[in-house]
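Letters are used for the chains, namely A, B and C, taken in the order the chains are written, and counting of residues starts over at 1 for each.
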Amino acid sequence: MTDTSPGSPTSGHGFETHAYDVVVIGAGGAGLRAAVAAHDAGARVAIVCKSLLGKAHTVMAEGGIAAAMGNVYPDDNWQVHFRDTMRGGKMLNNWRMAQLHAQEAPKRVLELEEWGALFDRTTDGLISQRDFGGHRYARLAHVGDRTGLEMIRTLQQRVVELGIDVYMECTVTDLLRDGDQVSGAFAYWRESGRFLVFQTPTVVLATGGIGKSYQVTSNSWEYTGDGHALALRTGASLINMEFVQFHPTGMVWPPSVRGILVTESVCGDGGVLRNSEGKRFMFDNIPEFFRAETADNEEEADRWYDDKRNNRRPPELLPRDEVARAINSEIKAGRGSPHGGVFLDIASRRDAAFIRRRLPSMYHQFKELADVDITAEPMEVGPTCHYVMGGVEVDADTGASTVEGLYAAGEVAGGMHGSNRLGGNSLSDLLVFGRRAGLNAAYYAGRMGSARPAVSDQAVKAAAEHALAPFTDEGGENPYTIQKDLQDLMQRLVGIIRKKEELEESLTELQSLNRRAENLTVEGHRQYNPGWHLALDLPNMLRVSECIARAALVREESRGGHTRDDFPKPSEEWGTLNLVLTESGGEISIKEQPLPVMPGELRQLFEEK
Amino acid sequence: MGYDLSMRLWRGDRSGGELADYVVAVEEGEVVLDAIHRVQATQAGDLAVRWNCKAGKCGSCSAEINGRPRLLCMTRLSDFEPEETITVTPMRTFPVIRDLVTDVSYNYEKAKEVPAFAPTPPDKDGNRRMMQADVERGQEFRKCIECFLCQDTCHVIRDHDDNKSSFAGPRFFLRYAELDMHPLDTNDRRKLAQGAAGLGMCNITKCCTEVCPEHIKITDNAIIPMKERVVDRRYDPVVWLGSKILRREQRNET
Amino acid sequence: MTAGLLGAGRARIPQKTLRKDRWWLAPAATFVVFAAFVVYATWRAFTGELYYAKPYLSPFYSPCLTTECLEGSSDFGSPITWWALSPALIILVFPLGFRMTCYYYRKAYYRAFWLSPPACAVAEPHGKYSGETRFPLILQNLHRWFWYAAVAVGAVLTFDAVLAFRNEDGEWGHMGLGTLIFVVNVVLIWLYTLGCHSCRHIVGGRLRHFSKHPVRYRLWGLVSKLNEKHARYAWLSLFSVAIADLYVYLLARGTIEDLRFF
């Protein structure tokens, strides 16, 4: 609601115009951290976000921030964290990103504390750390089960303190280019529907993910893949788009909350998964890769909670892709719960006071939304679309995309998590790479001096016409209907388990949705009109969905967040390849690209035990 | 199972508006926001409503349901009789933008007025040590999801527009209290809380605590302790004497 | 007149509230009960008689400090010689001030008597509002002074309750229904006085580091527990003090006889 700013007067196109060195799109953890970094590097920065400040999806993160601080287990260090991350991603991660992430995360956490975050403490007064799936040591800095909220509030308050301009409820619909460089962004105010133009040599994409393309998702309406689509349209490339993480435990009942997350901490604190026969089915689903470190009987698994050194972890704490697949197959085999999930039981294993203390917001969530008392009865849970590992292909050190002046950080960037992300690695990813992208964008703008790329009036006018199209077409489709059809299609054909025929079918159906979406009609006027907003987000969702389906069709193996029924095993050959997607002339093309090669001293970490 | 729900939704903008009647099919287990979304998808595509997480964690979908400030996503339809008409209006303390969406910029302006956290330097190893007992009070306040329902219900501004300039509201008293109780903060915010933020305007009628969806005890744990801290500084003869005799800076009571 | 619900830019909704529940019930009940207590207490405080029935001294009149006091009721002497009105008036100022400035009572009477606001999200009738920033309401900040006094009053009432373990002849080791009422009353008064928000602040709330003051932290925890029930004890102790007074009145008037246990 910042209407004015140190901007320049409007130009020939007649729209409100602002000039900045760095424009950050998105105000989640990565966007805010990027803005703070760019500001610290001396740049004039704007944050543009679709919602109000402080509402971004980061608030939903529950478990914690993974950082090898060694506060609970002194044996922990960045090498172990790096190794866990790479193994969790099935070695498909960009090794350099994983390394930087593991090395810098502890510093980023301490920074939050310096800005006012109040983490839970150890008895020595240090930041406490908790166990999570896939992490060898207790490593997640946390605040109860609302760590994301703490993080976003801290960064938000920092942004306010620094006086960074924030354009709230403002959506970017197009990036503008001058030749091959970024020169600006075109946006509209959600409140008034008026257009505005940012003149800027750098844009940091921090728009989050794509979950809204699926029916059952933990993501909010904002997750429409805007950054992915903007990057593609601007000429940047996406990688790893076939890898979509389905969180194993989302709520399945009542229908209105289907998909909302149940934190993995439930399992970390003693919760177990059972099928309708009461069996802990995860013991039958331990993959070879993790056999050595996973308990194979209930007795050992139960002892682990108290004695982590001498026992192996319960299989419920395997990486998310493994658990999600196992739950999926239990349900398919007819051993699911009444509402189509499985049972997550902590009530019979821990006393009520313990549950309420350790999992306060889960207790509330179930009590208030589902009328289920998790201290007395089991929860019903099932997989829910949670996170996309794929994203804009970026340089590991700087966050720069293949387009000059375009940067990406957080969920919208690809590579860091390989084929599967570990819980807790997302918040740390936002901080580490948000900062790097912000700094490097500011440096780039600084090096450029006053010779800025130009915004062409023509491009601006085209963007405005494009944005207004849904008002001029009559008798077209209702955007809500197409969104629903898209979600249904992605859930059905490009879900957890995929096969060739279904993926091909999905591409055909996407084609027809694309055609229908060319002719959208919305009622009403431009002032705060959600129908219009959706009509502008929808092409992004369709584009990103197509990328997922295409990449999923090409990758003929199963790995992490990509499971092919017709190729159930990982293949060595695919294990060294990324799939890179680019767009030109409205068509998406896809090519294989070898992974960056890990240097010898890091490779050693995987050989020693 | 499912039934037809009668709703009255306020439609309009700054120039005026009215409660419009809708009948919408709803299912068991749904919340008010689901019903509104269905109205939006099938009957009124341009119905404006602000929302995000739909799980009570982001605090976007604040509105007034049957006259009471609530989150649309945390109000279950089963709290009402099936034949009851549910009336939803925008928050009535803030200027309306359109339909159920209000302009909450008042709150963002007030946020800018709170002096930032200013910690003591870290220990030699780079860590800052704080004990759990010392951070717990602040942690309660940091549960705040900034839904601004406390601001909406507070009669100081709800019923008196002209107080908005001199009153920060419960959400920011929470923030003042959090910083004042922070084990490492070095600022003294009591003067400011009493003066610029308008702590003295609060007559502790506790409506903020009643509406808080996070069940933060705003009045008992933040506002009243802040009022007491102000009393320490300005109205308590014993404390005043103590500080004179012992020459102890009040801020430094550890 | 300042603009409220129809202030600048707000949604034009004419109703002062759209609440459908019986929001008026709580303030109405508070109004009736408080008003009844005020009437009763005023009458009793001004009468200046029938407040002492051996061994019971009505809590409204304790400590009785003037030369007007009934014989045997002045356990702390009669230092005040210049006061001709009822002796209750001198002493009642303190508990009255304590309760008038109490954070809970303030909420209750601002709502029930001032209608400011009558209930949450129900518009208040006043055109201007300055809260507790000006005289006289700025005096609410003196709550802590009254709390210091209330501790002293509590001590005196405790003393009275101890004295109630005598019989009419002043012999120890006896107990009647009055003793029980006095003990219950004084316990409730302490639960109310120690659960006070000012007390909570003084014992530990004002600290920045609980961890450096383990004893005060524990005390703060205990007071916080009481404080959560402050409203309940405010009401119960109000009733109990009235009942204790009424019992003494009825005894002194000879309407009833004290039920002696032993």
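Keep in mind that, in the parts below, a contact is a pair of C-beta atoms (placed from the backbone, for glycine too) under 8 Å apart; a residue touches a chain by one contact, two chains touch by 3 or more.
Note that the structure is predicted; figures quoted are calculated from it, not measured.
A.B. asks: Thinking of each chain as a vertex joined to the chains it touches, would you call that graph a line, ring, star, complete, or other?
C.D. replies: Here the contact pattern is a line, an open path with two ends.
A.B. asks: Measuring from the mean of all protein Cα atoms shown, which chain centre lies nearest?
C.D. replies: When every chain is reduced to its C-alpha mean, the one closest to the whole-protein mean is B.
A.B. asks: Which chain's centre, taken as the mean of its Cα atoms, is farthest from the centre of subunit B?
C.D. replies: It is C whose centre lies farthest from that of subunit B.
A.B. asks: Once you find the CA centre of subunit B and the CA centre of subunit C, what distance in Å lies between them?
C.D. replies: Taking the mean C-alpha position of each chain, the two centres sit 31 Å apart.
A.B. asks: Could you put a whole-Å number on the gap between the CA centroids of subunit A and subunit C?
C.D. replies: 57
A.B. asks: Which integer distance in Å separates the CA centroid of subunit A from that of subunit B?
C.D. replies: Computed value for the inter-centroid distance: 28 Å.
A.B. asks: Name the residues of subunit B that each touch 2 or more other chains.
C.D. replies: In subunit B, residues 103, 131, 182 touch at least two other chains, as defined above.
A.B. asks: Can you list the residues on subunit B that touch subunit C in the complex?
C.D. replies: It comes out as residues 10, 12, 14, 16-17, 19, 64, 66-69, 87, 89-90, 92-96, 102-103, 131, 133-134, 152-153, 155-156, 158-163, 181-183, 198, 200-207, 210-211, 220, 224-225, 227-232, 234-238, 253-254.
A.B. asks: Using the touch rule from the top, collect the residues of subunit A that touch subunit B in their complex.
C.D. replies: 1, 51-55, 57, 59-60, 110, 113-116, 118-121, 123-127, 143-144, 146, 149-150, 153, 157-158, 160-161, 168, 191, 220-222, 253-257, 260-261, 361, 364-365, 368-371, 478-481, 484, 522-525, 527-532
A.B. asks: If we count contacts the way the header does, which residues on subunit C are in touch with subunit B in the complex?
C.D. replies: 2-5, 7-13, 15, 17-21, 103, 106-107, 110-111, 116-117, 120-124, 126, 128-133, 137-138, 141-145, 148, 197-198, 200-201, 205-212, 217, 227-228
A.B. asks: Would you pull the subunit B residues touching subunit A in the complex into a rising list?
C.D. replies: Interface residues on subunit B, with respect to subunit A: 13, 27-31, 33-34, 40-42, 44-60, 74, 76, 78, 97-99, 101, 103-105, 108, 111-112, 116-117, 119, 122, 126-132, 135, 138-139, 142-146, 179, 182.
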